[in-house]
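Listed after this line are the structures, all set down as structure tokens.
Below, subunit A partners subunit B and then partners subunit C, in two separate complexes.
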Partner chain A sequence: MSTHLLEVRGLHTLYGASHILHGVDLCIEPGQAVSLMGRNGMGKTTTLKSLLGVVTPRSGEVSFKGQRLDALPTWQRMRRGIAYVPEGRGMFHNLTVREHLQMANRPNDRGETQWDYDRVLALFPRLGERLDNLGTQLSGGEQQMLAIGRALLTNPDLLILDEATEGLAPLIRKEIWDVIRLIKQSGISTLIVDKNIQVLKTLCDQHVVLVKGRVAFSGNSQQLLENMSEVESYLSV
Partner chain B sequence: MDLAIFLVQLLNGLQYGLLLFLIASGLTLVFGVMGILNLAHGSMYMVGAYLAWYFFQGTESFLFSAVISAVIALMLGVLIERTLICRMYKRNHLDQVLLTIGMIFVFNALQSLLWGNDPLGVDVPDALSGSLHLTGVVEYPVYRIFVALFCVAIAAALYFVINRTRLGMLIRAGESNREMVECLGVDISRLYTIVFGAGVMLATIAGVVAAPMASIVPGMGEHVLISCFVVVVIGGMGSIKGALVGALLVGVVDTFASVVVPDVASMIVYILMAVILLIKPQGLFSN
Partner chain C sequence: MFLTNKTEAWFFWVFFPLALLAPLFLEQNEFYVSKITTVVILAIFVMSLDYLIGRCGMVTLGHSMFYGLGGYLFVMLAPEYETVNFWVYTFYICVIAAAIALIVGVVVLRTSGIYMIMITLAIAQMCFYFFSDSIHWGGNDGLFIYIKPETSIFGLSFFDLDNVTHFYYFCLLSLFNCLVFFRMVLRSRFGRVMDAIRENPQRTTALGYNIFLFRLASYAMASALGAYAGYLFALQYGYVNPSMLSWQLSGTALVMSILGGMGTIYGAIMGTLVYEGLHYSLEHLTEHWLLLMGIFIIALVMLFKSGIAGFLESLLEKRS
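Let's look at the complex of A and B:
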């Protein structure tokens, strides 16, 4: 049996006639942080949505903890231990901060609860001050904290973050990166889509770069450093 | 209009409005959360009235008839959602309208086949018969007061579930962002089945409690459906609070119009709707 936590093989995804992903492969080991990089429109979010079942790939395999997910609907894939912080944060316009956290709170598929309401509020004290505000009334940084807190309350084994620091002020961005480091240290695997290669090269263990829906680079941090100019050329506009 | 008539008409209007709310709340909930336009919603009101009559004939117990009708309605709602409505989530409103109009014909044919086309009636339960003296000369039927209080209790229960429970949070979240709810590991299909079943049950219960006050006749579902759409449009599509305010407005205005200006009463609520839409095109409490 495979030891990978997440294994994606040969993912092909089309939007109508547009072929977006051309056989994407991706592996995450337990406890690892993996970055997924690429310029805008290269297929990063489509890769995430395909492996979560939000969009249906034309072909390819997705396995999580050694079990195939391909035939499962999105909610059942998440129940196996995946949490998702989407680009744009996915706030509910009619729920307060408290309700965002309460509605997501559940033990993992083994019945364990490592993250509860109090622990999330300890990690993000600012959310504690805004519990009765609507999620959409928060600042961008606070919304990101809420989206991450909500994801942690599902007690995942794998946390997927899509552009978690996009559009945030530098100080807030640093705060979010610090939290992601803490989450990694707590043993949760992470798949991080972002453009900040300077942070990702030290934070993540493995790196995948997409160019036009194909994996142009895949390797560990050492290999990333050795091929930095090539990778930077894939990322530059 | 003297004070006594005014008071009775006001009570009539409020009671009618609260009954409309019971039906319209299901319609607006199903539209707001699931994006489904269910034109067969009025048929569930009719089904409720006929079921109440049917079971009352056999048992002479209004309470038993009401409970068994509500249970059957819930099962019917779940069955309809799982077999028909679930195929409509990714389709447009026109397809939904075509399906649910077809369902109206099916329910009307079944009603005609099972119970005939003659007007039917259900007796007011003994415990709720009689009238209450409001003033020296004004009496008001106890059953109508019961219906109004019952509807208020249902509205309060609905408010509690939607605003104070985890199920309510999930329903509101589903209304806001279906994809994100699924990404939190929630089975949205089951949530939709619950919402649709509850919507059908609310309309059916309204039919049950209306049965002792109204003639049970073919076509009663379509008539009430049109009023409910006026309520939902006035209140704002998808808003429960809007449905309550809209229903009370329509109930009171319609009742007074039929007393004060009986010749044009049938168009007054539509004029009210047009005026409100001119001022607030999305309705009073649109999301």
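Let's look at the complex of A and C:
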């Protein structure tokens, strides 16, 4: 039996006639942090949407904790222990910070509650000061904290972060990276989509680079350092 | 406290004490007590529709089907010339209405927007014509309820359904309970998820929620309360007829909900009061009262864009 937490094999996804993903492979082990890098339009978000079931791939396999997810709707995949922090943070306009956290709060599929309201507020004390504000009234950094906090309250085994630091001030960005490090240390596996290779090379254990919907590089941090110039050429415009 | 904001608290403390005192002033005239009882029953119905449309984002023109079914179910289930227990039949009617809503909802909730309006309307019209064309269920004339249920619990009876004032207070208590119930639902995790679904269903799915089941549960809950209101109406007047199932009633309830302030829940009471108040005042003024009613409603909707509740909320916010 596979020991991978998440295993994606030969993912082909099309938008109409456009072939976006050409056989993408991706593996995440328990407790591992994996980066998914690539220039804009290379298929990073489509890879995430395909593995979450938001878009239906033409072919390929997605397994999580040894079970195939291909036939399951999005909500059932998430219930198996996946949490997703979307690009743009995904605030609900009509909910306050407290309500965002309240609606997401639930034990995982094993009935365990490692993350609760208090632990999330201890991780993000600033959210505690804004509990009665609408999610959309927060700054970009605070919204990102809320999106991560909301995802953690579902007590996931795998946290997927899509462009977690995009559009944030450098200081806030650093704060978010520090939080992601803490989350990794807590034992939650993470799949991070971002462009900041300097941070990702130290934070993540494995790295995948997509070019035009194909995996152009896949390896650990050591291999990434050895092939840095090649990888940087994939990421530069 | 279960009240969400200053306006709701203000409305609560003005409306309920006044409603409690109303029969004391109207004691000489049973007609008026009966009239305000109807308004209170309608407010329960409008509140359940307001929850569906304003908080769950499910626009339906078939909610009157459950209102009518509430009455018809009682006539269908209860023996014609025997006294039955009110509480037992309340339970039966709510459970059966919720079960019907679960079946109907499986079809209805696969659609949204204009298609949901069309499909709910179509199902409600089917139900309307079933009863209006059925000789067994009284056809267009409907059926009479000859014996009203008794209200005892373990042999103790606290009120009499034949007493107009007793029945009014009972309906008022039901309205209060509905308000508290909806507030509790909306404050719970279930309510927050429903708010999130209304705002962005895809995003809520990505948080691991089966939005279909949440919507179905809400639909069943609101339908059961709609049926309860219809049951009270049938008991008040002692008859049921197909007009209780008509789409016009759903349309009128929708107007009441919009007038009151959609999604505010307590606004449903305001909308019903204003609409019924206008209705009663204008129909005694002229035989062309519908024309005046239309003008008033257009003016009110133009003036209070977020409904009366929304207007009062902004007014109180400005003052503070």
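Following the convention adopted for this analysis, the second predicted complex is superposed on the first by the 237 of 237 C-alpha atoms of A that agree within 3 Å, B and C clash if a C-alpha of one lies under 4 Å from a C-alpha of the other, contacts with A are read in each partner's own complex, and residues count from 1 in each chain.
Operating definition for what follows: a contact is a pair of C-beta atoms (placed from the backbone, for glycine too) under 8 Å apart; a residue touches a chain by one contact, two chains touch by 3 or more.
Everything numeric here is computed off the predicted structure, so don't read it as measured data.
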Here subunit A is shared; do subunit B and subunit C fit on it together or clash? clash
By the touch definition at the top of the document, which applies to A:T3: first (subunit B), second (subunit C), both, or neither? neither
So in the superposed three-chain picture, is A:S139 touching just subunit B, just subunit C, both, or none of them (first/second/both/neither)? neither
If we overlay the two complexes on their shared chain A, which of subunit B and subunit C does A:S186 touch? Say first, second, both or neither. neither
Interface residues of subunit A shared between complexes with subunit B and subunit C: 52, 54, 73-76, 78-79, 83-84, 86, 90, 92-95, 99, 102-104, 106, 150, 154
Of all residues in subunit A, those that touch subunit C in their complex: 52, 54, 73-76, 78-79, 83-84, 86, 90, 92-95, 99, 102-106, 150, 154
Sites on subunit A touched by subunit B in the complex: 52, 54, 73-76, 78-79, 83-84, 86, 90-95, 99, 102-104, 106, 150-151, 154
Taking the complex as given, what residues does subunit C use to touch subunit A? 189, 192-193, 195-196, 198-200, 202-203, 205-211
Interface with subunit A, subunit B side, in the complex: residues 166, 169-170, 172-173, 175-177, 179-180, 182-189, 287
